[in-house]
Amino acid sequence: MFSVTVRDHMMIAHSFRGEVFGPAQRLHGATFVVDATFRRPELDADGIVVDIGLATEQLKAVLGALTYRNLDDEPAFAGVNTTTEVLARTVADRLAEAVHAGRLGEGAHGLAGITVTLHESHVAWASYERSL
Amino acid sequence: MFSVTVRDHMMIAHSFRGEVFGPAQRLHGATFVVDATFRRPELDADGIVVDIGLATEQLKAVLGALTYRNLDDEPAFAGVNTTTEVLARTVADRLAEAVHAGRLGEGAHGLAGITVTLHESHVAWASYERSL
Amino acid sequence: MFSVTVRDHMMIAHSFRGEVFGPAQRLHGATFVVDATFRRPELDADGIVVDIGLATEQLKAVLGALTYRNLDDEPAFAGVNTTTEVLARTVADRLAEAVHAGRLGEGAHGLAGITVTLHESHVAWASYERSL
Amino acid sequence: MFSVTVRDHMMIAHSFRGEVFGPAQRLHGATFVVDATFRRPELDADGIVVDIGLATEQLKAVLGALTYRNLDDEPAFAGVNTTTEVLARTVADRLAEAVHAGRLGEGAHGLAGITVTLHESHVAWASYERSL
Amino acid sequence: MFSVTVRDHMMIAHSFRGEVFGPAQRLHGATFVVDATFRRPELDADGIVVDIGLATEQLKAVLGALTYRNLDDEPAFAGVNTTTEVLARTVADRLAEAVHAGRLGEGAHGLAGITVTLHESHVAWASYERSL
Amino acid sequence: MFSVTVRDHMMIAHSFRGEVFGPAQRLHGATFVVDATFRRPELDADGIVVDIGLATEQLKAVLGALTYRNLDDEPAFAGVNTTTEVLARTVADRLAEAVHAGRLGEGAHGLAGITVTLHESHVAWASYERSL
């Protein structure tokens, strides 16, 4: 199995509902350094997993719709805790839509799966892995 | 599949038995930067894999029983080479016990597996992955 | 010259005033991974720059007063852009107060200076360096 | 499952054929920081996955045959784009040959698989995973 | 003293003249992860060292004139070994020109100095520091 | 001012005397990831600060005399706490001797100073800076 990963980041504000979150129930924020990994069993004719330029561009586009915002005000997350895990799934699902819509190129239809990891600090990160 | 990882460290002395270890047969030591990864197929009702506060606390407790010690003197490791691989399994197994004992919260009973990675330097690390 | 550095982090929300900040004028947030460096020309009798346990504890205390908050609501920052640079100075100045108040131990009175670096992402960070 | 990873690097020149590569069609170069991961379900009698000294040595030997070269001139890559993905497979396959030839020690015959990751920058990397 | 650093990278081919370079006399290549640090004694009225958006943009522009090239063919480096040290100075000097030309904004005229660090691998890097 | 840094590591056991060290008074150990920085105001005729091959070799030699040992048993440290700070100075002083003895090449006589940083974990490190 082959994979290619590209990294970018977003900076958001949010708060959580639920006693399990302790002080993170207050409005606070995070930088998420985001790694998007694309997997496929065999390389395409060019010898690549995915067009890394398009992958970088589409990750930037997905993060661009989230960054510099207070996620508590985003309709897409109404009634949902925007935990690192939930945001990892959101980014992965939106990248999957981009793949299906052809925005990562024709070759990307050969992708088998996507994993997205969000690093919230130097001591904590979360991932979501899905097939395509 | 979702995962959450927390990082901490321990600083131990030890020596190895066996020619394969070369100069590491002498008493020496290591800082292990330890990543504990918790996996589950679906998030709980709060939108999390595990209570990250409890996960951090329990990892610190497990490492607290090992750090600032000469592992050659620890009864738990009598007759065992405390290699990075063996210590990764030890940490993972003790975290699994903590999960089963409810010390990571009720939600943690939904966890599917644990992976523990011990970084022994900037150029070497070892992992142990187990189910729960 | 000797130095010792300890690392911790904080997670805050804030917004900026001024066209130079572009989209960061909106309410957003950041994780700041914070490195506090303590400098002195000679080591003390124990062979250290500062009690690293106290340094870690005091850095945690300073960050504890900032983390999991919306800095736009903090009286200490009324009318001030809480840029990475300003926050680096704030943390350094509060650590300097802790040194002067003896909270880093008696030995810390031999410290010559403090530098605080705040990493806001994998591609940007800011520092403030001051004498003591 | 256990794993051990060792890290080294190589510095090469190359160019790509295909419009998908954009400016990378020109002769340019890269540092690849290379992580070689060895996996096995159970540890050997010494408590290790593989002799880390031999693993480090063999990774250096494999990279030594590639580094400080223009890969466009290497017969082994005639007619092939030496993408990060292709090079990850090359390194993994050559390490697999070394395992089969006994160059990682007798114990290495118990290895189940190898994964090789090539980091081409702080924001992009590729992996190839194979069984043994 | 305050500083702000932004990070980007370039990927180049080159060769060196001189026995001291050993195998690096052959045509090879490197990824340079580049950190550009801007220093000033006091913050401007917005509370910043420099417009981080412009700093990022100008660093990208400077690196864009070097990346995906064989530096042996660049007239700017005729007769010069493009060592990591030399390239660090080149990047710093071109950023200094950008500051003087006003491309980092009016506020950047208050900058006192620039340091550029080029990381050529996980085990080697070089810096050049200059005043403005 | 120019600088070049090379990185290596050592793995040692030791214990400390003094209440300030708390649990680190027990025999324990550490991996130190060691960065050795060489500084000079102008480059030599080859366009370098120092022969990076020799710098790497000499750093390895200095660390080779310390690694895989219990520093409590080393005569060189009798009656001395081998703190991270003290070890940073030891490594820097031994590298300075190597420079003076010509082991970093003739060009190294133009060096102005050395800084050595020892990373003891992902959250703590110490440096010693000296002139030559």
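Lettered A, B, C, D, E and F in written order, each chain numbered from 1.
As a working rule, a residue touches a chain if its C-beta (ideal position, glycine included) is under 8 Å from a C-beta of that chain, and two chains touch if they have at least 3 such contacts.
Please read all numbers here as calculations on a predicted model, not as lab measurements.
Minimum number of contact steps separating chain D from chain F: 2. Set against the C-alpha centre of chain A, every other chain centre is closer than that of F. Chain A and chain E, compared by their mean Cα positions, are separated by 30 Å. One inter-chain figure worth recording: chain A and chain B are separated by 27 Å, centre to centre, where each centre is the mean of the chain's CA atoms. Looking at chain E, residues 7, 122-123 sit in touch with two or more other chains. Every residue of chain F that touches chain B in the complex is listed here, in rising order: 7, 9, 11-14, 23-24, 26-33, 67-70, 120-123.
Only residues 16, 18, 20-22, 80-86, 88-89, 122-129 of chain A touch chain B when the two sit together in their complex. Looking at the complex, you find that chain C touches chain F at residues 1-8, 43, 46-49, 51-53, 56, 105, 107.
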